[in-house]
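Chain lettering (A, B, C, D, E and F) follows the sequence in which the chains are written, and residue indices restart at 1 in each chain.
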Amino acid sequence: MGTATTTHDGDFANRATFAGADRAQLDDLSGVDVAIVGAPFDWGTTNRPGARYGPAAIRSGDYFGAHASRPHLPTAIDPFAELRIVDVGDFELPLGYMEESVAQIRDGITRIASQGVVPLVLGGDHTITFPNAGGVADVHGHGEFALVHFDAHADTGDTQHGQLLGHATPMRRLIESGAVPGHRFVQIGLRGYWPPPDIVEWMREQEMRTYMMTEILERGLTPVVDEALEYALSGVSKAFISVDIDVVDPGMAPGTGTPEPGGLTSRELLHTLRRLARELNVIGADVVEVSPPYDGPGDITSILANRVVLEILNGMAERKVAAA
Amino acid sequence: MGTATTTHDGDFANRATFAGADRAQLDDLSGVDVAIVGAPFDWGTTNRPGARYGPAAIRSGDYFGAHASRPHLPTAIDPFAELRIVDVGDFELPLGYMEESVAQIRDGITRIASQGVVPLVLGGDHTITFPNAGGVADVHGHGEFALVHFDAHADTGDTQHGQLLGHATPMRRLIESGAVPGHRFVQIGLRGYWPPPDIVEWMREQEMRTYMMTEILERGLTPVVDEALEYALSGVSKAFISVDIDVVDPGMAPGTGTPEPGGLTSRELLHTLRRLARELNVIGADVVEVSPPYDGPGDITSILANRVVLEILNGMAERKVAAA
Amino acid sequence: MGTATTTHDGDFANRATFAGADRAQLDDLSGVDVAIVGAPFDWGTTNRPGARYGPAAIRSGDYFGAHASRPHLPTAIDPFAELRIVDVGDFELPLGYMEESVAQIRDGITRIASQGVVPLVLGGDHTITFPNAGGVADVHGHGEFALVHFDAHADTGDTQHGQLLGHATPMRRLIESGAVPGHRFVQIGLRGYWPPPDIVEWMREQEMRTYMMTEILERGLTPVVDEALEYALSGVSKAFISVDIDVVDPGMAPGTGTPEPGGLTSRELLHTLRRLARELNVIGADVVEVSPPYDGPGDITSILANRVVLEILNGMAERKVAAA
Amino acid sequence: MGTATTTHDGDFANRATFAGADRAQLDDLSGVDVAIVGAPFDWGTTNRPGARYGPAAIRSGDYFGAHASRPHLPTAIDPFAELRIVDVGDFELPLGYMEESVAQIRDGITRIASQGVVPLVLGGDHTITFPNAGGVADVHGHGEFALVHFDAHADTGDTQHGQLLGHATPMRRLIESGAVPGHRFVQIGLRGYWPPPDIVEWMREQEMRTYMMTEILERGLTPVVDEALEYALSGVSKAFISVDIDVVDPGMAPGTGTPEPGGLTSRELLHTLRRLARELNVIGADVVEVSPPYDGPGDITSILANRVVLEILNGMAERKVAAA
Amino acid sequence: MGTATTTHDGDFANRATFAGADRAQLDDLSGVDVAIVGAPFDWGTTNRPGARYGPAAIRSGDYFGAHASRPHLPTAIDPFAELRIVDVGDFELPLGYMEESVAQIRDGITRIASQGVVPLVLGGDHTITFPNAGGVADVHGHGEFALVHFDAHADTGDTQHGQLLGHATPMRRLIESGAVPGHRFVQIGLRGYWPPPDIVEWMREQEMRTYMMTEILERGLTPVVDEALEYALSGVSKAFISVDIDVVDPGMAPGTGTPEPGGLTSRELLHTLRRLARELNVIGADVVEVSPPYDGPGDITSILANRVVLEILNGMAERKVAAA
Amino acid sequence: MGTATTTHDGDFANRATFAGADRAQLDDLSGVDVAIVGAPFDWGTTNRPGARYGPAAIRSGDYFGAHASRPHLPTAIDPFAELRIVDVGDFELPLGYMEESVAQIRDGITRIASQGVVPLVLGGDHTITFPNAGGVADVHGHGEFALVHFDAHADTGDTQHGQLLGHATPMRRLIESGAVPGHRFVQIGLRGYWPPPDIVEWMREQEMRTYMMTEILERGLTPVVDEALEYALSGVSKAFISVDIDVVDPGMAPGTGTPEPGGLTSRELLHTLRRLARELNVIGADVVEVSPPYDGPGDITSILANRVVLEILNGMAERKVAAA
């Protein structure tokens, strides 16, 4: 139980690799900097499902060739030239079996991270951040990194339909398990009508730092990110970045499960992510909650999520170039 | 564990009742003939999800008033006048927890059937026919009724992603558990490239009776249904009807998870179902695999599934009128 | 009040003429055989609106050139060569003013018919058949022609939301006003759960002839049409044809307001219409209930309605050629 | 004539109440603060119809439970805890009968307001603001409140298709009837190419205050809202808020009848509405022109309109809390 | 000029192979029976484009695993077990350069056929049948095989926009070049209003055999296919099968460029193709005119085209098994 | 070869003129200020096609009457009153014949410009800017005007699929041919991962001025436009404006071929274009890459492109009024 396998030919795969990156095996990542892996999982979604098709859609949300080259226009840096990036395919998960799925993802992420490689996970619903960041913590140490979390929702629910696992609870599970203590969380983009005050109170007790859209509207995004960076770097040097695509306004990201109006614009998100990946030491990341059936004929949410990955990779490459 | 509750106000409900039928509680069905219940469940779907929205979509696939009256134009019979039909809402199921969900559905169906009431279940993916027909068998006796199964697929897989439960395996589970032995199965509409020969061989050993689309094309539908009826009634007097909406050609039922070209037309299905419900003693039924996100702006699959329910109810009412 | 004007440049027009037919003015139709006119009207629709865009969509549902030539492949007859066919544009109707709109349509149809021209109306919802067939009756005489009506619904409601006019009542208004007595009606394709038995009883008293889909399924379409033709021609020589696109199964005509599963196939309808237009003396026709917003990216319902018009025109041309 | 009735089970209702609020009867609102009511009306729409489905879609544009609780994340205030909010269902309007429909809506709104209750109307097209604000004026006094109007269009047309009523004319009818004099209007978000200069001149003569998008782009939204608030509060203390969803850019609100590019972002609208509802004494409000058929699979316009209602309610609750 | 190359990683590829067949190189097909190749080409389309995405969509229109096994349920034959089937990827064609593209396709097909392999081409618009069947003729001899052509249209236009090449002219080019003389053509499913009589006359002069939908409706499909088979086999033993997906009714195949109502049903096409491939010696085939952007969220046209390929392969496998 | 003709009744036309402008013939433009012409061309598109329907969709993206009047709300200027604007229809181009199409467009544009008329071209993919701006240069002189280019992409590729023409190369062709030297280019909105550094280096050598989104985000749009204007006006007094609709974020312009997240908002683009057209002497313009099949049911991209045209026209009219 709980042993991960991956495949490029699963039911939900499109058989491409991300940007044409080389394929690799889960346990053979020597010399690799970043391993992209898909988690076609949506049985933790409380509303509109479809995120199981997220990994395939994010990989295909791209009109460039599959030649492992993405020279960034503004910086002239190509992350595929600076970093050794591979795609290990998608986890083969047992449909509708929650605990077993979560255990297998954690096993796989741990095996990636323990080879000194940064796992970059294509979701899947947000349930997976529990095993994603948890698996990274198993390797880098509990409490030893910040979790920068972009989302419309705090995802700190206690239970979901009476159960511990699901896309409303991953951050709670991370905190309670000690993998990522509350004071290591920076949340950006929260809004709406959830969670209720008792959970917000619990979040305060855990010393989570949250930046809601109201604060971003009033102060501007740049000073908020300045402060978030400072906070994230207090006491640790590493970070995991988790991007729920619903942090972006539904107008620009309709293909998602629980759209909440009033979010960031696409360009605010992309610009901020590249900056964070440049200024932080990223040891893991995920992009979650892309649900293609709700995306419309233009596929704009899948394409946006593809660029989320590219901007994170580019920021990491810029950091490496600057350090050289 | 395994105790069912139902609600009209769950996450996937549209709060209407089917055709405006009276609401009722699961354990208070005295005098009731048919209890409609929704199973918003799609974590057994191997491909395109969305069947969790099936119960709401089937209930709203209807442009008539919500006044519990559906006088059938060709027969002048109104099933809501002849039968006491209620809607008990949707099962409240734990998302992504397979075994617990199946257990709760079986508990709920058993509680309905044990009050002498016919459960008519709005799915949900086909996983649920295991607890649906299984729960009915727990009350009416294992092996004591025929299962007439409309589908493009046999649903007799051994396991699915290494697990016993899922929408590819319910008929196997029913047979293996003895609830519905193989020789009590009549399958209509099978086609395509699944299951593989070893499973087909197993099906033959179980003495399942299958009518593929090739046979229907060559012999015509009416003689096939004549024969199916005769077979279904050999040795027993009762029947459970399970309708996977993908038995209809994808051109007329696009909103489903695993569409297989070459199926029945809508009018063939509706006409046949009314005849079966008139000529058989129906003790349970389900309509499954309606996936609204894939249905397009016209919502034609949801509307078709609504009529599947109405034609079954009308056949039952015709039988009652004829017997009177 | 009640004076019709038409335009090719109204809010709902696409400015094309049907098949590139010549434009003409409502009162200047000398030498014309058929005048096509649009009625962008949907304020009589009880459910999904959008039929106001029907005339534009039917005109553009066509990948041929706009050169007023449609040589029919099986017959080699081009109706535009045999008949003088013009397009007078769309009625300019006051949005949401029911009685005034109906009065204006009737005025316009009467002015067309009184010049010896066959009006062929592109709807619009079915409300308009009251002024369409009524206006024709004002010219050709009340009770002096058969009305062959293709539809899933009888459209014989007494009132609609407490009012006399609407898309559920036109046939009743025609009968009550004497324009088309009940025994001059032939209805083909009825099905579903409306109207209720008291209205069906009233229809029988009026001696309306109805062929439901159940009868068509059991007897076959050809003998039903044979009989319908015989009935339509008993005592009169003229006919008005009214085609509600929802007579076709929703799988092949999703873009409509009240889709009812179990209908005719596209090819059955097209084939039958051409035959009727060849064997009857058509003095008016309409095609109604095309609602583009519900049609999906393929626009198949609009395209089908375009062919409904072409097949009627071709049958009329075949009749003229045969008579020559 | 002109007597309103409401229902939760009408043709266009989804049978849910807004956010699970208690149901109530139109004339039995004792102790109620806000009564939500739907107006499924689109026969005043000049272009793309479908707003008749607005009330149902706005109510269902929500992934939270139906338990009458919406704790606002940034303020920790739950409007359902602070205010007594009920849902009286949808008006039962005669389809396509303009004047009677308008009369019935005005009757219903008057009956709500005369019980000291704030009507919050879910449209429907913008025609309804004439009876909405007019009915409120019949109770609170003509000229006794400001009308803050968010819209891409001024809606001050003289007539529409030669008739007085329709979605292009409500503001003119309110001014001419004295219910809301021109100098009590504040309009925000206007843009595009309508109305023509003679109507703009008439608007100036009426002393309407209009803030176009060009001014908002040049000055910034906050100073414009500051000034608008000051103006709205000069001489009166009460306000009616009317939100045409097309004030938002079509990129974020595609599901509407007359989309005009270049509008507000979702977050600008939501933030501004909450502020207005907090700083003004709201005595009535409506949200109009949501047309679901044009909204795409993500339903983002319906969801946005749902949040428009919630932010108004939250501002009202904040005001009450601050006053306590 | 005119030298073909293929790729699995081109702009329009989904990088999968058909059904998981092994990849192969164009010039290294020793031991292969059938080579599947995509032609992402739509610059010969006169109306709705998008067929360039046909090859990718046909390959992905499949919910089975990518393990090169498709056991046919009715026959228990798996074509991948009986035949050596490979996928050589997609032609790399110069966008918008008609003559060069056609030359490259012909070169590629010739190279496949000259190795004794059956090319099965995934289109692409129908322009490509000129180089497809032409390339086969270059190897097997001009006039040495029948061309069985399923289509709504005859595709025998003289020129298209003044040019010789395009999707309206391939059959004319084949006849004029002598590759496939007119008397070797059998066309099934023609209907509508094109081509005009002078072209129909030319077709008769060429002794093309055409079965229109009107004849199929009147005689039934089976006797028509019996006769077509007899005709196809008179004088030759080999055949090329060309399937334009628009031979199927638009209700069941909306995702195409020039939909023509009134066509075959999906099951009629699939059943007939398998029979033909069993009874004829197939030396080449293509499936064309699948245009994904017009297909709607259910992707039913792509899925149907996938099954068209499978049924042809199965018929070929049945023939081989029967001959053994 | 290379002789342009235009039509209002071509395959891709909607037969309307833009805003109801008068129709005119290509060679009879005496007294005309601006001639609108469509180029239904997409065989230079490397990815999602459909731009051939751009001209029809842009013309119909409009809910105003077709009466050649568009009074601009903020300025009270009606460009149709100040300028003589006509619509000459669409070029009749040979499908899939690249060089001939480009030659014909250039011929047509030259004939328009040589009469002293400003051509305003509705695309079509971006390939057409080569003949559009090239044809203008043939009349006004090579190197004698600035090209202000809004786009996500630089469009300076060397070749495309080994060929010189296509939508990735027009700017390179203009520079190399001398029609528009590199130092006359101002590009606004670039972003993403193309072109690669060697092409960026070539662009620098050509002294092209590019403003990427990163710079716009950091400096603000207004100072960037100030500087761009200054640059465009250094040494010349005339300008050609080319607007690729994908300069706008895909959230607000999904209906395009190569959407790149992170772009301008609709209101930023509209506001800037009007300013440019007011402050520059516009001698030609085009709006390209609108692809309706990818636009969703709300048609928001087509509507936006319609407003792009109107804002350019309005700026030109403001300039004329100010000069008077």
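Observations on the model:
The working rule: a contact is a pair of C-beta atoms (placed from the backbone, for glycine too) under 8 Å apart; a residue touches a chain by one contact, two chains touch by 3 or more.
Keep in mind that what you see is a predicted model, and the values were worked out from it rather than measured.
Using the average of C-alpha coordinates as each chain's centre, F ends up farthest from subunit B. Rotation relating subunit A to subunit D, from a C-alpha superposition: 120°, rounded in steps of 5. Seen from the C-alpha centroid of subunit D, the farthest chain centroid is that of E. At the interface between subunit A and subunit F, under half of the residue numbers appear on both sides, which makes the contact a different-residue one.
With centres taken as mean Cα positions, subunit C sits 38 Å from subunit B.
Taking each chain's centre as the mean of its C-alpha atoms, subunit B lies 56 Å from subunit F. One finds 44 Å separating the Cα centroids of subunit B and subunit D.
Contacts with at least two other chains are made by residues 11, 46-48, 63, 249, 251-252, 265, 293-294, 296-297 of subunit D. Taken in their complex, subunit A has these residues touching subunit F: 63-64, 69-74, 76, 248-249, 251-253, 265-267, 270-271, 296-300, 303-304, 307, 310. Residues 46-48, 190-197, 200, 212-215, 217, 249-252, 254-263, 265, 293-296 of subunit A are the ones that touch subunit D when the two sit in their complex. Note for the complex: subunit A touches subunit B at residues 11, 42-50, 52-53, 92-98, 127, 160-163, 165-166, 293-294.
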